[in-house]
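We just call them A, B, C and D in the order they show up, numbering each chain from 1.
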Amino acid sequence: MSRLVGGAVIALLVLTVARSAGADALERVRQTGVLRWGSDAEGGAPYVFPDPADPTRIIGYELELMEHVARELGVRAEMVQNSWDGLIPGLGRHDYELAVNGIEITADRAAVVAFSEPYYAATEQLAVRRDETALRCLGDLGGRKVGTLKATAAERILRERGDLEVVTYDSQLSPYEDMALGRIDAVLMDFPIALYYGQLNPKVRLTDCEVGEVLYGMAFRQEDEALRREVNAALDRLQRAGVLRQIYEEWGLWNDATANLLGEPQRVLRHASKYEAYLRSMKQELPLAEMVARYGSYLPILGRGALMTIAISGLAMLLAVLLGLVLALMRMYGPWWLRWCAVVYIEAIRGTPLLIQLYLIFYGLPNLGIRLSPFFAALIGLGCNYAVYEAENYRAGIQSVAAAQAEAALSLGMSPRQAFLHVILPQAFRVVIPPVTNDFIALFKDSSLVSVITLVELTKAYGMLAATYYDYIGIGLMAAALYFLMGYPFSFLARRVEKRLAKAKR
Amino acid sequence: MNRFIRNRTFPFISPGLAVEVEGLSKTFDGRTVLDSIGIAVPRGCLTVLIGPSGCGKTTLLRCLNGLDVFDCGRVTIAGITVERPQLSGKRWEQTIRAVRRKVGIVFQSFNLFPHLTVLDNLTLAPRTVKGESREQAETRAMELLKLVGLADKVGAYPDFLSGGQQQRVAIARALAMEPEVILYDEPTSAIDEERVDEVLDVMEALDARDMTQVVVTHEIAFAREVAEHVVFLDEGAVVEEGPPEQVLTDPLHPRTRKFLRRFLATLHNPPPTTAP
Amino acid sequence: MNRFIRNRTFPFISPGLAVEVEGLSKTFDGRTVLDSIGIAVPRGCLTVLIGPSGCGKTTLLRCLNGLDVFDCGRVTIAGITVERPQLSGKRWEQTIRAVRRKVGIVFQSFNLFPHLTVLDNLTLAPRTVKGESREQAETRAMELLKLVGLADKVGAYPDFLSGGQQQRVAIARALAMEPEVILYDEPTSAIDEERVDEVLDVMEALDARDMTQVVVTHEIAFAREVAEHVVFLDEGAVVEEGPPEQVLTDPLHPRTRKFLRRFLATLHNPPPTTAP
Amino acid sequence: MSRLVGGAVIALLVLTVARSAGADALERVRQTGVLRWGSDAEGGAPYVFPDPADPTRIIGYELELMEHVARELGVRAEMVQNSWDGLIPGLGRHDYELAVNGIEITADRAAVVAFSEPYYAATEQLAVRRDETALRCLGDLGGRKVGTLKATAAERILRERGDLEVVTYDSQLSPYEDMALGRIDAVLMDFPIALYYGQLNPKVRLTDCEVGEVLYGMAFRQEDEALRREVNAALDRLQRAGVLRQIYEEWGLWNDATANLLGEPQRVLRHASKYEAYLRSMKQELPLAEMVARYGSYLPILGRGALMTIAISGLAMLLAVLLGLVLALMRMYGPWWLRWCAVVYIEAIRGTPLLIQLYLIFYGLPNLGIRLSPFFAALIGLGCNYAVYEAENYRAGIQSVAAAQAEAALSLGMSPRQAFLHVILPQAFRVVIPPVTNDFIALFKDSSLVSVITLVELTKAYGMLAATYYDYIGIGLMAAALYFLMGYPFSFLARRVEKRLAKAKR
């Protein structure tokens, strides 16, 4: 059920993107003086990624590009992080005015969004093992295994030629590693990726065989004609001023395809300073000390992610606790209709999966004109969902307190509210600690779902770093440790509190 | 030898009634437990309710401060009138709440708050209901605990107290609210000979301060000592009432006689004693 | 006028001791509550424990059937010896379980099983522990309920019973296991004059059947009626013990005198009475 | 965290497929006399699907094909249901000897499994709206929108031609419907699908434009050389005996491509009896009465699915309740080391997501030689997971019962066990009903996850029917209703029990 419904909902939401109207974006940009652009730092080098030398800094040639574009428009550029799959739905939410992240201009995307003029042209670059001197281009690969990224131009190109086995991957790194290990014989990928991920591997040789060509474009909402025209103009000026060329050259990305695209000479003028900086900070075999230092350097990012996780889980739990209490009271002491509402709410929420609820709040509500910030959406989504479980837990706890206690309190002149607050609740509290601990820990876990609505919490931060350093295990362990460090103190605390309260019991 | 006779401000000339019950009836799922009870307790008078187990004493007390809702009848207590079934719903709630602020009760099973220390048990209500300051509440609490001889248990939790200790805390807790009328349900059920004196002293002191007290007890000897007025209940109805020396020593009604048989016996041929 | 004197099978020639306590000490987090107690209860004898509130009566009973674990000393009860600290861990558990099968207890706060009807409260233990058939267990349960005058409450749940009714159910529940020794903690705390007779009858009947009974009470009059042997505790120590007519009517120890002051007073100048 | 880990785990498991050894399959088939083949009845007509005339029967040309193949081998064919994505991993579990479900022979699949000789060749068939008489073939579609299924040969073919907009779908039906509604202008799909899904729609016209060609093959474990050779031989004999041709003709699937593949004349000999039967049972505009009757006819399947859901949820909950009780006791009364085990187990399980646990049990354990049947895998996965939550709930409930109760029981001579069973537990029971109800309902929901391990529970059954009749709403509502009918009685019952127990409370 849920999963099918889920699919439906999401599809629906993405479709509505195109429709959802909004004030003229250009106006807004001019007024606010900020050009917000969406991108995913997990996408990796060289587009937008954490600086290996100082992972707390986000860098990338598209970042520089956007800063120039913004300057041209006389405003400030502001990057908005979003998961790659969410980049286009995000446009519909007006979280940012355009999405820029090496997005290929394709027909089906063009159906939903409007693209700027292409700002970069990438050929597909073939990489093979150093020792395979014989392999020059696709022609030499008859029957061999060639790897590439899923659902990219490269994959399509490879499939066209029936004569070789295509193996597809999800991450930029793995194909090159698999090739180094001999699992596959060649890798075909966009030139920038080949340069930044293939080149690094000493066992890998980039052939000068280039096939096909993809164009990167900036994605706009279809209605934002004006803004798009402005940005196109800006790109044009930047190109004429030679800024584009400079950027691409510094990042070592200048290639014939782009040269032709921009109608400029192909030979390279500057040396690729930034690319080399990147290589330096990646290549060097680190001595243990520095290795440790590097892991240390991840902490700020992971830490920030963890803080987000804590903030969301914590606040969501707070919401859940309070709302849950209200629900429990409604259900236990309310008049029939309130009781009925509570029951319906409870049955409804605990009947539908959290992910759907998040999508509805985040991508659905805007269609009703309610635009929640990602943080609040996450908070409300998680909070309202868990409130249901809390409600039932409290009911159990409250009912476990003897009626005589309430009587004693009332007969001392307390109002029902006071009696509940000072006598019932404290005694119920002790009973509900274990189930509530259950839920809080489950919530820590579920909170990683909110990365689908643009928030960078621990899991996302881990993904970004792992993609930059190709270190899934090491960083993974760090992330796991952090999760443990977040969750455990809580169950520990819970145990302590339980003990303390037990003091009053014989 | 009723220690109260001495300082009895003769109740029947004292200004009016503190508790007046008329035609009060109460049924529990069909079984009639109280059958049109009528009682009048003068202000400042200490009244004792006696009667066989299950005759409805506790239920009557619970009806007086609204823990049980009686079906019909009128109760006037501490100047507030509750008439059923006329009064009900929200209005009943409000009225009964006013009543409870002026009427204290000591439960047969104590019902102390297990999650609070003895001190907090005494101070919670004054602070939340009367909005007293912590100091204020605690000073009075300490006085009361001294009064019932538990000054050393201030910080203990109820679960760790002996039966008698718990009962005395319960009494102190009720008094901490300084009620106009106080209802005791078997206040000495767990209290020994010696301590009974202390409880008596407390009641005496309160009586002196013209507090109205209603005591349910099964200890006739005790009743005889404290009562200014005695009511004998049986099967949910008032059988006989009057001054203790009359009701307790030579009751008119045969049912009362039967009930008091043993006590009267002890009374009329006292146990053999060796001279002190 | 001890109703038991009549049919007293003279305990001191009856075969040995049913309960023997030697040097039993118990502290609660540092505070000494029982201080090397020594007591000897002959088989078939009814012993009464009296003493001021908080002196350790309940704790002593709880030590006898292992609900509280005493720190050191020896207890021999129903033929089983528990010696601490020697006996502990698994072995202690087994021993104490054997003890509990032969020793019943009636709690000061009843502790009935709220989720079971009166009848099931009485039959649960016989059926689970002794493996009796439902019929068997229920017939005895009914007898016992008649005995305590609650035949009409068989199907009721404890919460809906009055204090006295609960207490009598508690007594019946303990008897249902047909113990050799039975410990009562304030068995009449909620029971009225009239009912007390019934309880007395029960105790008498058991006494006739040579059951050993230990009763904690604060009602001296009651003590005087039932006791064959009286022990006076104070601050966790045995102050005085002996036959009731001696301990209760003219005690040797000043502390005992002080404790019994009021009772002795009533005794030596009985209240004024109008002829029957 | 979880999701990334998840990905890793599953990848790993699928990789192990190829390796995991096993006795010679042919031997086993001969011994058992059964040829088990995996397929997904949700795949739709005409491959393997519920008979529209009587949805309790599974039919399809591949079913007939496999029956003949089996007969050739002198054994009985037995279809094993599995989700399409699971068909190849399923081979690794030795749940069946081969997978047959219109599986295209592609290079990357060939990397993991071994294919039989192709048994059917399908061209890609273009369909347009009736009124669009002008549209003859792809050439006429310049710049128009063309729909097809995701990740199929058709998609690749369309993308190769840069000149048209490609719109991809997940289900066979939607593209034709969208075309009828004018959202897209043409649909390119495998011939059988076009025939069975396109033809039905009165607004749709199948052009005689055929492009590309895909070959269907049967997938075997790579080590099962012998069996594959046998099946190839069988196919060969069937072809020569004209059986293949007969089947394809009766199903209306005979086409030039296949004719060439099998080297037979192209003209059709028989008339497509089964195809027409299919059309009849689908086409007819039903009067209300029969409409209702048809919905009635879904009930048996949905019902069976529901039964599976109930069986799994019920048994899993039973397991959870018992195991949970044990855990709670271990944690509360056990010696330090038992207590410690309980805590670790609890923290570990509630720290990892259920899906991963299911995959590990189902695809992971076999590598350790533990091969659980899907049903048991589901049962154990769900049970052990929920046991943790139950454990904590019980702990809360038990601790809420006054110590005096235990004392009373013990002093009557009961053993700790008896005291717990007859006195503590019944009183705790009342307290834990609400949280346990929470969990049981959550369990009903989560149980739909088990369809990933080949079980056909309600959600899966719904998917299969919906794919057959293209009726996602109607059947969806039925399924939803069934879920409600399953869950509600339980919360209702819970409420009743609560009331009954409350009778004992003043």
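Operating definition for what follows: a contact is a pair of C-beta atoms (placed from the backbone, for glycine too) under 8 Å apart; a residue touches a chain by one contact, two chains touch by 3 or more.
What you see is a predicted model; the values in this text were computed from it and never measured.
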item: Lowest number of touching-chain links that must be crossed from chain A to chain C; value: 2
item: Distance between the centres, which are taken as Cα means, of chain C and chain B, whole angstrom; value: 28
item: Computed distance of Cα centres, chain D from chain C, in Å; value: 69
item: Touching two or more other chains - residues of chain A; value: 404, 430, 505-506
item: Residues within chain C bordering two or more other chains; value: 109, 160
item: Arrangement of touching chains [line / ring / star / complete / other]; value: ring
item: Interchain pairs in contact, sorted by label; value: A-B, A-D, B-C, C-D
item: Chain C residues within the chain B interface of the complex; value: 1, 28, 50-54, 58, 108-109, 160, 162-165, 168, 185-186, 189-197, 218-221, 224, 245, 249-250, 258-264, 266-268, 270-274, 276
item: Residues of chain D defined as touching chain C within the complex; value: 404-405, 407-415, 418, 422-423, 426-427, 430, 501, 503-506
item: Residues of chain B defined as touching chain A within the complex; value: 65, 67, 97, 100-101, 103-105, 107, 109, 111-116, 124-125, 128-129, 157, 159-160, 173-174, 177
item: Residues of chain D that touch chain A when the two form their complex; value: 1-5, 7-8, 106-108, 110-111, 145, 151, 156, 159-160, 162, 164-168, 170, 347, 350-351, 353, 388-389, 392-393, 395-397, 399-400, 403-404, 430-435, 437-438, 441-442, 445, 448, 458-459, 462-463, 472, 476, 479-480, 483, 487-488, 491, 505-506
